[in-house]
Structure formats: C-alpha cells, structure tokens
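Right after this note come the structures.
Each of the next two complexes has chain A plus one other chain: chain B in the first, chain C in the second.
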Partner chain A sequence: MVHAKARSNTRVILIYSAVAVLLLIMVTLYIGRGVTTTNAAYYLSRRLPKVTAMILAAGGTGIAALVFQTVTGNRLLTPSVMGIDALFVLLQTVVVALSGAEAVILTNPHLGFVVSVVLMVVFASTLLRVLFTRQQDGGGMTRVLLAGVVMGILFRSVSGFVQMVIDPNEFTVVQDNIFASVNNVSAPVIPLAAPIMAAAALIIIMHHRVLDAIALGRDQAVALGVNYSRKVGLLITAATVLVASATAMVGPLPFMGLVASNIVRHSMTSWRHRTMVFAVTITGVAILMGVELVRDFTGSVIPLGTAIKFMGGITFLALLLRGEQ
Partner chain B sequence: MIDIDQIVKRYGTVDVLKGVSMEFRLGTLTALIGANGSGKSTLLSAVGRLVPHEDGVVNVAGEPLTRWDTRSLAQRLAVLRQSPGVDLRLTVEELVEFGRFPHNKGVLTDDDRAAVERAIRYLDLGAIRHASIHTLSGGQKQRAFIAMVIAQDTDYILLDEPLNNLDMRHAGRIMAVLTTLAHRDGRAVVVVLHDINMAAAYADYIVALRDGTVVHAGDIDSTMQESVMERVFGVAFPVVQVGHRPFCIYHMAPQDDPAAQEDPVDRNPVVEACC
Partner chain C sequence: MNPLRDISRHLVRREVLLVLVIIGGVWSVSLGARTISLGDILTGNPDVWRIVLLSRIPRLVSVLLAGAGLAVSGLILQSILRNRFASPGTAATIDGARVGFVLAVLLIPEAPTLIRIIAAAVTALAATSLFVFLIGKIRYRSVVVVPLLGLVLGNVLDAAAEAIAYHFDMIQSVSSWLVGDFSMIVQGRYEVLLISIPLVLLAFRYARIFTIAGLGKETAGSLGLNYGTTVVLAVLIVSSITAVAVVVGGEIPFIGLVVPNIIAIVHGDNLSRTIPETALLGAVFLLVSDILGRIIIHPYEIPIGLTMGVVGSAVFLLMVMQGRLDGSR
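And then the complex of A and B:
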C-alpha cells in the first residue's frame, strides 16, 4: 500500500511537471507568434503584460480558492461564491452611475486598482473575520456560506437595478469593465499588482504546515496549538488580497478557482498544502492560458469569462459525477 | 495540576455548567461520568480551551487558561473531542505525526519519530499504519486519533469517550495504556466514560456530573454505591462485588417502558370501502 501511494504520487507530480513544461511552451508560442525583428517591440509590449496578468490572476485565484476551502472545510466554497465578484461589479456600476464614465477612478488605472482592491479586501475580510471568530461551533460555516450567498445576490440585484436606470452609454462602459478580459489589462497596473500578490502568496506558502493542521478541523487545530482565529484571519485576508487584485486586474473569473482547486484535490493523493499550492497555481494558469489560446487561435468572440464558465461548468460536473475514488 | 474553580458555561440561555469545581492531579486517572447532557463533554472541551467559558477560572500548572499561549499549552495539554472526523486522505502514520505539531511545527526530528513509533505501538496500529484514514472502521479511526494524542506527549491528557466504537480487547488495552501513562509517567489523564464499569476497573477517581453540577467526586469505593448511582443516573440498579472491584449491573435496572403503557397501535387499519 505504501508503494502504491508513493507511486501514484510520483505519477501525479510528474503530470503536473509535464503540464508546467507545456505551459512554458504555450507561453513562448503565445508571446513569440509572428514576432519579427521589426515588430518585436510592439508585439512584446502588448503581449508580455497580458501573459503576466494571466499568470497572476489565474495563480492568485487558484491559491485563494484552495485556502478558502481548507479554512472553511468546504470544497465548494471560494471567494467568488462569497460574493466578491458581485461586489466588484457593484463597485464599478456605482462609480459610473455616481460620477459618470469620465470618473478619475476609472481613467486612472492605479487609483482604480487600489480603490477596488482596498474596498473588496475590507469588505470580505471584515465579514469573514466577524463570522468566523464569533461563531465557533458547528453551525458557523453554514452561516458564513449563507451570508456570503445572500450578500452576492444583494450585490447583483443592486447592480442590475443601477445598470437599468443609468445612461445607455455609461452602461456600455460598465459592461466593458465587468467582463473578464486579459486584453483590457492596463500595463501600468501590473508593477503595482505583482508585488502585492506575490507578498500575499508568500504569506500563504509560508503557512503551508499551519494550513495542513487547519485542514484537520478547528478543534484539532486548536488542540495542536494553532492560534486559530489569528491564523485564519491572516490567511483569509491574504486570500482576499489575491482574489481582489486578480479581479481588479482582469475582471471577475467565477468558477476559475473552484475548478482549479477541485481538479487538484481530485487528482492529488497528497493533502499537503506545500504540494497543492504549487499544483493549483499550475492548473489555474493552464486553464486560463488554454482558454485564451483557443479563443485567440480561433478568433472567437465569446468573452473570456463566459468561456471559462462554460468549460469550468463541464469540468466540475464531470468531477462530481466521477466521484471520490 | 489542573484546578477548576466555579466554571460556568452557557449556551444561549441554558447553563450547561453551573459553577463546577474540581481538580485533576498529575499521576492520576480521573473518569468523568454522568447521563447524556450532564455537561461532562462540555467540561472537557472548556478545560481544553476548545470552547470558551463564561465565568470561573481554570488553572493549568498554576497559570489561568486565558494567560496561556495556545501553542505552549498544546505542548503541555492534549485534548480529543468525541469521535473526531477528518476529511483528508492521510494515513494513520501521518495523522499520528500531527501529534508532534505543537513541538516541531510540522518538521519531524528523531525524537518526534520515536514518539510517533511509541504511540503506534501502544495503540496496536502497526498493521494499519499506512492505511488511509477514510478507509478505516470507526474503532480503528478512534485508535488512530488516540495515538495522535499520545504522540503529543503532554502532562495533561483529556479524552472525550475514547472507548467509543472500540471492541473489548482494544478498549481494555487503551485503558491499560492510559493507566500506565498516569501511574508510571506521572501524567494527569482525564477521560469521559460511558461505561461506569470501565471507570471502576481503571480509574483512580470518579467525578459524577448531573445537570451541570458535580453530584459526587471520590475514589472508586465511595462512588460505586447504589445510592450514588441513583443520584447520578436517576435509576436504581444493583452494585455487586466482582473480585476486588465493584461492578454495576445497570442492565437489570427496573425500567419504566412508556411503549408498554400505551394502547397498542393498530398497524393494519381497515380501509373502509367507499362508494
């Protein structure tokens, strides 16, 4: 039995390494396609930020989903289920409605990014910390989940209402901002987002053993000396920073984190977060890159978010139907 | 020593513990007994800082619980709730290794491995050490969790119904191991037990709770009395002497059977033909 497990683990790690190599090739393909000495400067200035944004957004969303699931002990819970995407849409809508399409928060990419990220992080981490730390017995998680879902519905209906009443031209601006796209990523945001996201990811990676203990459940973690409310608060905040930055950069990517983390949890025999964080980053990037490449080569007009939702839905259904092995 | 002074635990408006005081000394095995809902599990969880208490003081090694850093406390006190579950696909050995987490934060040293080996041997888990937890039976799982607690190697060991799901052989073996840990290694072991005969056979002291208060605390002979048992459990049953130990024959308690006092339920009602 030891050997069986060791062998299958090696196999899975091999597969992930192969995917990583494949990704490298894909990235090279993507960046290098049609580049000649004369157009290199232009092509690279367009494509490098795009690829960087894809890696940051996909990796960040995947890691954030993994952390959320471990902390909540629920494999279906991700920041986007908790209404973070809906909050982003609401923010964009309200800003346009209140100050018009020319609002400085929309035209200045740095300011827009910082304001969106700060608001999303403050909202989500406050809500989650309050819910997590106040309710320490069994009913807690159901309440967190319910609160998040209800909050998401509220945000969506308020956004929907505001979008109905604003000027149609302004509505087009809103629509541009709330659809996920790696083409609208403004290059100046990346040097701002990259270090923030790297720091948040580093905090999570440094806590990989604490995450392993938290995965045993709250009581076990406390009994093993984990300062539960402090560590959970920190990890949730770091995960929120990741997903908020990703959303502010490329737009909402619902399903993305859910699918990436569940593919990892299903395919890996390892439960250690050291391995899973690595795998979920690769899986996330592979999904986003794959979908984007297919769209690019086929000249598809389907929006990125929709394509991911479609593909993610099918993958997720397949995972559910296949069940635990 | 763990010194509990007038501890109160409230869920909503219900006082589950109404000012309970007791102490657990190093070198002894104490059994907590009582009917369902008497507060014994809550007491164990409160002493193990798994649930906060509203009033009163719990001193562990002379220091109030609230002043302990949770990791330092985990190096001195281990607590296991009733029938813990785990959703991870880890092996028995990997679970037991978690017991070393408070000491090493997850990186195993040679000392840690020795403690893990000892715990696996004590709990007779050698044959299934590489088996995945989620493939095990309830009793095997229970033993794996107890091994984790023993690998934690603490002065204070608190276990909530450790004999749940266990067969007779393993139940006896675990009680024997716990007795050795208390008497030979000088630890304070506290177990919530359902079977009072197990308590009578292995414990040094028995504390009996009812409705959130201590109704009796003392050694085996003073506790295993028909009058005490009736006060604790609300039913009268004979206590006999088997060898040198008192033995409760609770299976023969006179029962009031509400089902027998009712009129029989007609399970085949005649359906009256209509039309």
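And then the complex of A and C:
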C-alpha cells in the first residue's frame, strides 16, 4: 500500500515535471520565434508582456477555480459557471454604451482595469454571500449553480440588447474587449495587475492547510479549529480578485479554470492544496500557451477566447462523460 | 394553504387563459406608434385596417405562436428527460438553431427564410439529439446535470457560431439578429411561424405517449411503449418548433423553462391534460412580456429577449429559492 502510493507519487511528480518542461519549451518558442540580434529589442518588448499576461491570467483563473471547488465541495462550480464571464461582457458593453468609446475609463488602462475588477468583485461576493448563507440544507449547491446559470442567461440578454442599439463604431471597441486576446493586453496594466494577483494568490497559498480542512466539509473544518465563515469569506474574495483581474486583463476565458482544476484533481494522488495550487498553475498556463501557440503557428483568425471556449467545453464534456465526481 | 397557490390554481385554467389571450390580443393590436381603438377597427377606417393587417396582427400571431410553441417544447423536453430544468434554452436546442441560422445567413445571404429555417432546424436537431444522447451517457446523477450539460454544450456551439460570425466580421449584426424581437414583424415575414401550429397539434396528439415516456425507460417499455421512437419524435418536434421561432423572432430565453414548471406545480405531470394549458400560458406569458416591452419606454420598444430575460429569470430564481423547484420529477 505504502509502496504503491510512493510509486504513484513519483508518477505525479514525473508528469508535472514533464508539463513544466513542455511549458518552458512553449514559452521559449513563443518568445524566441524569429528573433534576431537586430529585432530582439522590439520583439521582446512586444512578447514579454504577452507571456506575463498569459501566465497571470491562466494561473489566476486556475487557482480561483480550485478554491471555488474546494469551498463549495463541488467540482463543477467555478467562477465562470457562476456567470462572471457574462457579467464582464455586460460591464464592458454598458460602459461603452453609456460613456462612448473615447471615455477616460476606456482610454486609461489603469482606470478601466480597476473599475472592472472592483465591480466584478463587488457583484460576485454579494451574490455568493447571499447564496452561501442559505447553504445549510442539502439542495444549497444545486441552487447556487442554477442561480449562476440563470444570472448568466440574464446578463447575456441584457448585453445582447445593449449591443443591438449601440453605434457600430463603438461596438468594435466592445468587441475588442469581450473577446479574450493577449494581443490587446496593454502593457501598463501588468505592473498594476501583477502585485494584486500575486497578493491574492499568496493569501490562498498561505491558507493551503485551511483549504485542506475545508475540503473535508464544514463540520470537520470547524472541529479542526477553522474559523469557517471568516476563512471562506477571505478565500472566496481572494479567488474572485484573481479571476476578476485575469478577466479584466485578457478577457473572459470560459472553462479554462474548470478544465485545469479538473485535470489536476484527476491526476493527483492526494488532494493537498499545497501541491494542487502549483499543479493547477502549471496546467492552466500550459493550456493557454498551447492554444495561443497553435493559433500563432497556423495564423488562425479565431479569437483566443472562442478557441478556449470551444476546446474547454469539449474537454469538460469528456470529463462529465467519464463520470468524474 | 398558500394564497399565491390558490390564486394561481384559479388563474391557470383553460377558460381564464383563453380570456387573457383575447384581452391581451386586443391590447396588443391597439398598441403602437399610432394608438388604435376597437372603435377605429369597427368603423372600417381603411388606414387603420392597413396598419392592423400589415403589422399588428402579424406581430400578435407571431408572439402567440412562438410563446405556445416554446412552452410546449419545454414541457415535452422536461417529460422525456425527466428533469424540470430541461427546455429549448437549457438543452442546447436554441444554441444549435443559432449555428445553423448563422451559417445559412452568412454563407447564402440571399437564401429565403425557409432555407434558413431548415438549416436552423437541422442543427437544432443535431444539437438536441447529441444532448439527449450525452445525458444518457453521463453517470453523474444530479438534477443539475441537465442545465450544466446544456451550459457546456451551448458554449461549445456558441463558440462555433462566434467563430463563423467573427470570420465574416459580423459579430454585431449576428448578435442583434438573434436578440428576441418582434418589432420588425410585418406581413410576409411571419407566415412561416404557422408551421408551428401543426407541430403543436402533433404534440397534443402524442401527449399521452410523452407522459408515459416520462415514467422512465423501463416502465415505459414494460407498458408497451417504443421508447426510442418516442424520444426521436419528441426531439424532432421540439427542434422544429424552436428553429422556426429562432429564425422568425430571435432567441427568447426562459419561456420554455418557466411556463411548464408553473403548470406542473398547479396541474401535475399528465401531458394529455396539461398541454393545452401550457400552450395557452406560454402564449399569454410571452404576450404580456411583449406588451410590457412596448409600453415601458413608449413609443420606443424594449425587445422581448430582454423583457423575457428579466421577467423569466426573476420568476425562475423565485421558484428555485422558495424550494418549489428541486428539479426531480
């Protein structure tokens, strides 16, 4: 028994080392393609921010999904299933419709980022607080999920209406913002987003033991001395900050976190958060990087967000069919 | 006894609903840039008659047919999937129809409406069949699995439609065509919706076997029902009704989800008895939303996709939060 476990642990370490090496190769390929001594300065100034944004966005989304799943005790519940992507699209559309394409909030990247993140965090934490306070009975999670799905449909119908009435020139601004892409990441946002996201991720990493306890369920966690509602509130807020920053930076990446976290949970022999947080970061970044590389090499015009949505959806369908629950 | 339930029990009856359809119908005809009273119509003013025949009646008929058709589709899906969260919007039917519609419009721009409907119906059928097939394969047993699978499959299909629209640089146009909206309906643009009448009648005709299918595969089989054929028939009817509604009126959320649940709370699950009420309530529900959208910012309009989105999500959340809806049946 011990022997078998030790062997499978080695296997897990091997797999993730391989993924990490693969990731390094992909990053090198992405940054280094076509670089010569003459153009290096320009190429690097364009590509390094993109890679940084990808690492931040994919890692943040993955960690956030992991935390959501642990806190809700459900592997299917992630921020994007809860409708946070649809909310982002709605916010972007409404801002452009109300203030016009030249508004300071859109032309000043810092302001736009801060406003998006604050609004998303406020909305998501309010919704979650309302829903989690009613969570005591068994049907609680079903309701949370349904409420999220319904909110998503509602946000989409409001966005659809606003997009119908706004000026086509302004719509192109909306379109650039609501389709995830690393090409229009504005470099000045990164120095602002990176410390915020790093702080949120650090809070989560420092609570890895608390997360392990919460994974056992509310009663067990309380019995183990966890101040349950306070810690859950803190962790959910940190996760929301992560996913909101990632979305505000590159755009919505539906299913990204869901797929990364489910792959990690499937491949791990133990669900200790200390290792899972790192594994989900590597996996998430590898997925995003892989898709972006394929787009780059094939010269595809399909937006990154659409490609992620399509492939993430299919992967998730496969996971559902295999009965991972 | 819950007073709300008492009221709804009396309200949700054939006779009452029929009266509501008539009252709402007259109101709907009178509403518009030019207000038309019943007297105007009766005196036979030719100007008034032209407006009524060209635009008001077509709109009224479209709203009633789309509402009734989508509500009945939701009811059939809920019965055969044995899940109260099934509906054209949550079982990938609408998302499927969207793909076919976008393909037809962008690849053959001059194609007549009928071609668009056929394209939408084919993809809606494929998507719904895939959905039903996958539901049977998934081992994870929870009522949430239907809306969840619908969400995921819907997103995959949406990504496909999005990629096509993006390729043609038509994201905004496609997005506005697909918002449920009846304001552009005039004579000559809605007649294909009449196809849904025989389809709904077909559903009435087979209501009994859909009820039996709702008892589950084993029970239905032992009662002598050919389960497979019944499911195929159900999926065919639902996909065709949804495709017609999407092509003519755009995407209308929630109606197929909320209406059958209200009916089930009041009248139970015997489709032979509840299909007429479902169709009528669907028609009334959509008509009221349509009228609301037309009077709130009169003389401008709020498209029905938005009013239904707001009204429908409010009703649905209320039902979920009150615990009226636990999904199983």
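Some notes on this structure:
Heads up, the rule we're going with is that the second predicted complex is superposed on the first by the 316 of 325 C-alpha atoms of A that agree within 3 Å, B and C clash if a C-alpha of one lies under 4 Å from a C-alpha of the other, contacts with A are read in each partner's own complex, and residues count from 1 in each chain.
Keep in mind that, in the parts below, a residue touches a chain if its C-beta (ideal position, glycine included) is under 8 Å from a C-beta of that chain, and two chains touch if they have at least 3 such contacts.
None of these values were measured; they are calculated from a predicted model.
Following the overlay on chain A, a side-by-side fit with no clash is recorded for the pair chain B and chain C.
In the superposition on chain A, A:Ala40 makes contact with neither chain B nor chain C. More chain A residues lie in contact with C than with the other chain of the pair chain B and chain C. Contacts of A:Leu111 after superposition on the shared chain: neither chain B nor chain C is touched.
In the superposed model, A:Val294 makes contact with neither chain B nor chain C. Applying the stated contact rule after C-alpha superposition, one finds that A:Thr142 touches chain C and leaves chain B untouched. Applying the stated contact rule after C-alpha superposition, one finds that A:Val122 touches neither chain B nor chain C. Of the two partner chains, neither chain B nor chain C is touched by A:Ala318. In the superposition on chain A, A:Thr306 makes contact with chain C only, not with chain B. By the touch criterion defined above, A:Leu29 reaches neither chain B nor chain C.
After superposing the two complexes on their shared chain, the closest approach between C-alpha atoms of chain B and chain C is 12 Å.
Here chain C touches chain A in the complex through residues 85, 89-90, 134, 137-140, 142-145, 147-149, 151-153, 155-156, 158-160, 162-163, 166-167, 171-172, 175-176, 178-181, 251, 253-254, 302-303, 305-306, 308-310, 313, 316-317, 320-321, 323, 326-327, going by the rule given at the top. Interface residues of chain A facing chain B in the complex, by the touch rule stated above, are 1-2, 5, 73, 136-137, 209, 212-213, 215-217, 219-220, 222-228, 269, 271. Interface of chain B with chain A (complex): residues 45, 48-52, 69-75, 78-81, 84-91, 98-99, 101-102, 105-107, 130-132, 152.
Only residues 76, 81, 134, 139, 142-143, 145-147, 149-154, 156-158, 160-161, 163-164, 168, 171, 175, 179, 254-255, 301-303, 306-307, 309-310, 313-314, 316-317, 320-321, 323-325 of chain A touch chain C when the two sit together in their complex.
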